[in-house]
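We call the chains A, B and C, going by the order they appear; numbering starts again at 1 in every chain.
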Amino acid sequence: MSIAAANVPLQSGRKRGVWRGRIFVALLVLSLLVGFVALGTLFFDVLSKGVAYVDPVLLTNSPSSDPAVAGARPALLATLYLGILLILFTVPIGVGTAIYLEEYANRDRWYNRLLELNIQNLAAVPSIVYGILGLAFLVRGLGLGRVLLAGALILTLLVLPTVIIAAREAIRAVPSSIREGAYALGATQWQVVWRQVLPAAIPGIATGSILALARAIGETAPLILIGALTFISFNPTAMGPFTALPVQIYNWTKLPDPEFKALAAAAIIVLLIMVLLLNAGAIWLRNRYQKRW
Amino acid sequence: MNIIETPVQLAQQAERQLPSAEHREVVFDVSALTVSYGDKPALKNVSLEVYRNFVTAFIGPSGCGKSTFIRCFNRMNDLIPSAAVEGRILYHGEDLYGAHVDPVEVRRRIGMVFQKPNPFPKSIHANVAFGPRVLGMTNDLDGRVERALQQAALWDEVEDRLDESALSLSGGQQQRLCIARCLAVEPDVLLMDEPASALDPISTTRIEDLMHELKRDYTIVIVTHNMQQAARIADMTAFFSVEVDEGQRSGLLVEYAATPTIFTKPADKRTEDYVTGRFG
Amino acid sequence: MRISLQEELDQLEAALQEEGALVLRALRGCLNALGRQDAELADEVVAFDDEVDETYVAIEEGIQSLLARQTPVAIDLRNVLAVLHINLHLERMADYCVTVAKLTKLVHDTPPDETLAEALEDMGNRAKEMIQAALDSFANRDVESAESLVDMDELIDRANRRVVHQILSLSADPDLREWGLRMLLVSRCLERIGDHAVDIGEQTAFLVSGQFREFTDASH
């Protein structure tokens, strides 16, 4: 160590570097604020307009031309049913595909590579395209008609790529050492997947599915396209006409009466609460089952 | 005071009671084994015999193919698509890679413990019971779990917390749990790929003492990069080295003999250079 | 912990104690041959040395193997080194027994001087006691008992001096004088056996304390 080095003071002489650091942090905070401010403004706007109308009437009554007694019960129920059907369809198909791609598929085969490429692309397709697809093949082609089931199927197609990707990530996160350990004990590939990989991946899969669900229940365009009717006063059934909460909101905003706009805001609040609850549930699940390998 | 009859017995004791060549039972008979990944040979032309109730160690510098070699014994290399195995390994006289051989059955008889302990994210009981369950050995499951944990010298430490997560154990305990997991399926052979390299010295000594006990009932093959460990616990030691041929590095077997011989008067100079630390 | 190291150390020590027992047997044999002037017994003692040598070599090889493979340290290392040295001392003692037996054979038909013969028998018994004491003190890691060997050795040394004196005053009979000369060497052998026993005691002290020291200096 040279004597010169020993005499260098501990205080830093690099002032320019310090300022650059500070400006960088300021820019980061600014970008954060942009998002927060925009979101906050939206929330505030909706809350101020609609909070007065959030009451049991909204939740229990059917729509009516009289805003005082109009409610969104059929829409709410339809959204609920759509959600349930969505989970029933996407989870088995999505997880199954993910298992195939991660555990069984030979990456060198062209069809597997094609499959992987397509999944990435499908996740980026705009939702209205799924609406057109659903209209052509499900409603008209298969003759299902403009029914809840068709809506559920379309939404399934919409979120399936996301669920597949989330499930794949969860399966990949299971360390290969677990698989090796299981193989070394004499387990077959099926036993390794079913007894070790899947159980360990379930928290990740569940989180991904819930997030996909949260996105799907806010989808409007494809449902409108396949004819989610605006005025339904009866509770929806699987093979019957239906509407959904986002569609109901959309139609209320189109009406001239300002009370309906307030009702729409109220319905938005309900929808937001649903989405928030789902997201919170996903986060809770993830934290609870976070694995420390 | 007892007076021993023949000093020859003393000499045998000094040789750690190795039975003479005629009395050794061959478990694995390897001939001309070559393993390649794609077109790159990892290990060339290895021939040796592994004996029953012996601890056999594979030592050598990194890249010499000893881990690749040990994984041939339980067909774990099957899991790597690009791996190709030529040559022959006989297990109790049967070709391990024969057309009608089921890898699952191979792995039941020939268990493996890995370098980094890999307990399943389940309870201790579920970990040890996994092997018997997947193989259909479900009678007296609790008894099997207890016996396996006893043999792995872990029972006393976990008997009152079998339902706790296996991940709550210390590193040394986790490795003994992995050993118990293997023992639960009543194997014939235990393969250990650097079982103590991720552990602290005390845990390492416990694992070594465990191997000393286990070899009474099992045949043990161990890969270790710590040659002192091989010196301490192995009955037979195989020294592998790397040879470079047209830019390709591949492993080869240099010398295979009783451990005292390898560490007191090795036949090959390369072996002597390695064990004296003058290698490279 | 370190089960195999402990087992090997125990085996080496057991072998050492066996060797000690063989040496005692050899000493008893050569003393009996000396006392009874039995040439055949003397031959057996000489042949018996092969067994001691085999044991000696086996222990040597065991030590080499243990050092190479177990890398003992601290007390384990001192243990091995002590066994190494004691092995040497025992082998030398056995060689002295052979010498006594050979000397016995050379003059077995000469009638002995009774006083001298008794004195030698005495020395022989002391030597036996010392070997036993040395082996026991090592087995028990008993430093006090090891140090007491010095006093026992002093007795042998005095007896040796008395024997020398006695031999000088033997009659002029040439056979008797030859016998006396040989017995001088016998006495010397027994005295050296005693010295080796003290050396064994020093190894015991080294093992326990970690320091090597001679119990007495060379001037005694």
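Assume a residue touches a chain if its C-beta (ideal position, glycine included) is under 8 Å from a C-beta of that chain, and two chains touch if they have at least 3 such contacts.
All values derive from a computational prediction rather than experimental measurement.
> Please identify which chain has its centre, taken as the mean of its CA atoms, farthest from the centre of chain C.
A
> Which chain has its C-alpha centre closest to the mean of all protein C-alpha atoms shown?
Centroid comparison flags B as closest.
> Could you state the distance in Å from the CA-based centre of chain A to that of chain B?
49
> If you average the CA atoms of chain A and of chain C, how many Å lie between those two points?
Roughly 91 Å separates the two chain centres.
> Taking each residue of chain B in turn, which ones touch at least two of the other chains?
Not one residue of chain B touches more than one other chain, so the list is empty.
> Taking each residue of chain A in turn, which ones touch at least two of the other chains?
none
> Chain B touches which residues of chain A in the complex?
106, 175, 177-178, 180-188, 191, 195-196, 199-200, 291-293
> What does chain C use to touch chain B in their complex?
1-5, 8, 11, 15, 17-18, 21-22, 25, 51, 54-55, 57-59, 61-62, 64-65, 68-71
> For chain B, which residues are in contact with chain C within the complex?
It comes out as residues 1-4, 7-8, 10-11, 13-16, 202, 205-206, 208-209, 212-213, 228, 231-233, 259-260, 263-264.
> If we count contacts the way the header does, which residues on chain B are in touch with chain A in the complex?
The touching residues are 74, 76, 79, 81, 104-105, 107-108, 111-112, 114, 116, 118-122, 130-131, 133-135, 167, 178, 181-182, 185.
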